[in-house]
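Look for chain A in each of the two complexes below; its partner is chain B in the first and chain C in the second.
The block that comes next holds the complex of A and B.
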């Protein structure tokens, strides 16, 4: 494939992959936990970028797929002792299927109406799972520790979940790049710029949008499955947390809307910044205020995000920095 | 089930619905005038709650305090508009969503620092009316009166004054309104201020009815979205009716189904209305 011969994507993948190896090389568990969370956020932000950055549909409640994937996989692992990677893939496929059926009607909405509908969908699922006794209702579900025995104990299971998350992050970034460089991606960007004009050019927006929504639901769902597998506990609140979804949007904006590198940079910067603000004794109380002010400054003055800004300022990099 | 319980909960829901309607009116007004979904709506409601709390601690009657809340709300809204919204007013919706979300973060952060997140309540006793199984709490009754009064005042302002007419003109067609010599920046700022003051008054009224925390705004904001969509985005009358529907729904359905199922039903209806009646239940197709 021609797109995969581009050096750019390989540099990105090597950098991300290399960074993921650090906790294994240094044998530091706390660093591994940090990286686990960071990779998860990269996956969330990159998937939102596929539907929002390329296609222009602001999926505010995208976290719904994280929760759905998490719940489906958790149920399979707990009740049927399904191997966790298989369960995660089934959870991802299930969430994609749900996204497909939700997407057909909902993607007909445009702009603010679509954004509101995605919030509604997330809240509907959250309140449904709070009541759904098969999945534990409001209390959620938790593992007996014996579940981890199949993987050589809880410690080993955490390690395996980490490897799986690294692979998933690399696949997500790769997919994001391939979509952007493909004719499919060109169609998406045409929809983003002007949906009506894109139809005149022979693009079928309905088909493209639903397909994109289905793809962008898969990665957060698998990430959710891995996260809750490691967590050992799943509850409706943390699984369908709207705030996390909005934070992922912030990461995309911070790094650069519609670029491959942007969501990665945004996720890393945002998470580092938050970690720094929360742990600093004098700033921890004010961390929300400071983060809010920074976000406002970026939204008002650096609309293109970090990567977008660099691309505007240094035209020579435009060919390489996607 | 007995009929008296049904009547009692309908009255309860109806009264609560007026306050919900007022709350959602602030959100829908801002959307109607400038096509901005204000994600700072929740914190504005919470600010109203805490303004009343602080004033009652200073010995001011909460209902008298609402007058001060009106001024405070107007001022807050105008300042927030010029700081956070004015620069991106013509940008795509994502930008204004994030700009107002950053206002949300800043306000919630600041309120948490000042008041912490522990639950608060007002110490307020009013006489209540009672006939058989039906009890009407005095605080609820006054809340309905205030909500109706504010709605009438809003409509008189929008339809009887020159400034109100300018607001409607800008909502209708900003470019044309500017050509007619209307200073659209000020009208937009004023509309944002009015939207904010409506949110804060409703917050003040809710504070007289329930206990609250700094984080109460999140749930109320989402509820406002549901109400606004029921009534049609940008339609204040619709919002009032939407509020009443939600108030009734939440109180009556609890007789038939467990309380925790109500939100499921609410959000499913919300998505269905967005899909099939995007102009709201009362809007033109």
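The block that comes next holds the complex of A and C.
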């Protein structure tokens, strides 16, 4: 409870929550779509940050949980007409359970071996869903539009999915902060700095890492459920797209790994930059090249990311800027 | 602080990320976005016959000198195009076809209503990178920020599925080309209309052709890309092939992006089929055909999806010879005002020759069915506006529901059933084959159906 008395987290939550209200206040559907995507990326980046930034385990294939949550929830909604929020939560819980069982063996690996294993897991699940007809196989699953009637029509369903995404983003950020400031988080950072030394201090790395992996799987899974509910269809390719995982890693590095604000800043900057480049008539042909060069510059000159750099340069802010 | 090993790992991550980004770097593509299309290079009088203003006396007032002609109103058509990513080849062709239609409408003075109001279409499009999440955001932008009056589709079933959801959520009329997936049009859409023959009918004609061309054929191998569209095609083909007496000795999918078909070719050789049917999209279809040729697979009948109808398929040289491809349209098709009359249907738009000549003059290469689909998107919308005598979406939907006509692209009629509303009903496939002409040059010929053939089929080897 003492953790939550910190003004920092409330400021962050108010800023994110306030920004999320903008599309509603301005009644802009376009802005709402942008914000939906941005909040989804904030959730993905913050979740990866929990396992990567705090624990030092680079999960390249973390997008697997986005796809798993999406598939489980979509299946429940389509086959059993489960209400979308309930389905999303069940999808999240299911993905967490899978993460728990995967985590036990996989988190014994360290460094590059772990990173490679996560890519393998994502590919394995993609292949499973591509070949398993119960989940639609390669064709995937889709809703009949009448499904949205229960939510006041397709337009209203999009709005509801947005509200749910806002709440999920706030919960993800809050959880990230609570973990960082807790004894549990301290244990994770000890593992990140030196796992063997942390064991000497009485930390049980295996238990902490599995728990962290399980928690960090929940949020992308629920985000996936909301994303595909709004989309009205799910296919293996978009659900387990490795490229999205890599982008989320870039966002974490851009904003500052191991910080609470970093993934938020990284996701917003990256998405705005990409959105601008892709729709700009003169720059759209080179948007990936420009993004690559920017990333290179950041990695070379601002290694700690934007938030890390600010914390280094302005020591007075370190107490307030997590 | 981080250890040396950790730093090395970070450097590794950065390098991998950069490589991933570099791998996705776009190939040089034409003008990126928005705005009206580039001016046509004015190929003298060669484009003259193109005038699309409907040939029937029923349509549009004559575009003659109208002294009190009102200022034309802008009609914005929005869509996304894959200028980068896996779908860029076919998507580029689709845009070229659409731009040609736009040129023709401009030449004809715009789309005219009976009260004299003239609408001048303009297009606005963004690069969707061949990705679904981009498509949805960009279509929302097109609808809400750019205020597109009507929507056209991106290329490929997967992208159209994503776009159609946004379009329906926003009550916009969308004409789709480049999307044949049956499932897309079985979602209960109300304002989405499909021009392509559905995927379930893509290769069934090839099985019929096989029966005719190789009467002794008994065994077929179905090798397909494991994506939504190709899987739909293969799933419809398998029971059909069995129902007409073929044994399916191999039914195997390959991942999107597959470049090495050796394991599949080995399996094909072991199964010893009489024909190979399947494929997926351009890149994999081309590679598969090339590797079949390189490995000298002695199969007489090979029908591959999507890739063969593209003019650039001939770049693989003799590997293209004998390959058959299902096509939504080919330059040799025989749809005309006369055949429309015989079918008791109205004919609308340019003749097949006029379209093909104009395309050749503008782009210096033959149109593919993707190009024709792009043109037909605009043409069908134009006809619907003229029939509705309005740009009111509800009236346009009613006009599209009633539509039953022939164009250079084929017969167009949409389903009005609630479950499959907007799904294409009347348009049929033709099957083309790469053959050599008398000068030894690779050319395409329609070989099936027999009543539409421009040449006899040639068996491989």
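General observations
Definition applied: the second predicted complex is superposed on the first by the 322 of 322 C-alpha atoms of A that agree within 3 Å, B and C clash if a C-alpha of one lies under 4 Å from a C-alpha of the other, contacts with A are read in each partner's own complex, and residues count from 1 in each chain.
Definition applied: a contact is a pair of C-beta atoms (placed from the backbone, for glycine too) under 8 Å apart; a residue touches a chain by one contact, two chains touch by 3 or more.
These numbers come from a predicted model, not from an experiment.
In the superposed pair of complexes, A:317 makes contact with neither chain B nor chain C.
In the superposition on chain A, A:124 makes contact with chain B only, while chain C stays out of contact range. Of the two partner chains placed around the shared chain by superposition, chain C is the only one that A:158 touches, whereas chain B remains out of contact.
Contact with neither chain B nor chain C is seen for A:150 once the two complexes are overlaid on the shared chain.
In the superposition on chain A, contact of A:106 is made with chain B only, not with chain C.
Contacts of A:238 after superposition on the shared chain: chain C is touched, whereas chain B is not. Contacts of A:194 after superposition: chain C is touched, whereas chain B is not reached. Touched residues of chain A were counted for both chain B and chain C, and C has more of them. Of the two partner chains placed by superposition, only chain C is touched by A:28; chain B is not. Once the two complexes are overlaid on the shared chain, A:116 sits against chain B while remaining clear of chain C.
Within chain A, the residues touching chain B in one complex and chain C in the other are 56, 58, 60, 111-112, 115, 127, 130-131, 138, 246, 249-250, 253, 285-289, 291-292, 295-296, 299. Partner chain C is touched in their complex by these residues of chain A: 28-30, 33-34, 37, 56, 58, 60, 111-112, 115, 127, 130-131, 137-140, 142-146, 154-155, 158, 193-194, 227, 231-233, 235, 237-238, 241, 243-244, 246, 249-250, 253, 275, 278-282, 284-289, 291-292, 295-296, 299.
Put simply, chain B touches chain A in their complex at residues 31, 35, 37, 83-84, 87-88, 91-95, 97-99, 101-106, 108-110, 112-113, 218, 222, 225-226, 229, 233, 258, 260-261, 263-264, 266-268, 270-271, 274-275, 278. Looking at the complex, you find that chain C touches chain A at residues 1-3, 5-6, 9, 12-14, 16-18, 20-22, 24-26, 28-29, 31-35, 83-84, 126-127, 129, 131-134, 136-138, 140-141, 143-145, 158, 161-162, 165, 168-170, 181, 183-184, 186-190, 226-228, 230-232, 235, 253, 255-256. Contact residues of chain A toward chain B in the complex are 52, 56, 58, 60, 105-106, 108-109, 111-113, 115-117, 119-121, 123-124, 127-128, 130-131, 138, 242, 246, 249-250, 253, 257, 285-293, 295-296, 299-300, 303.
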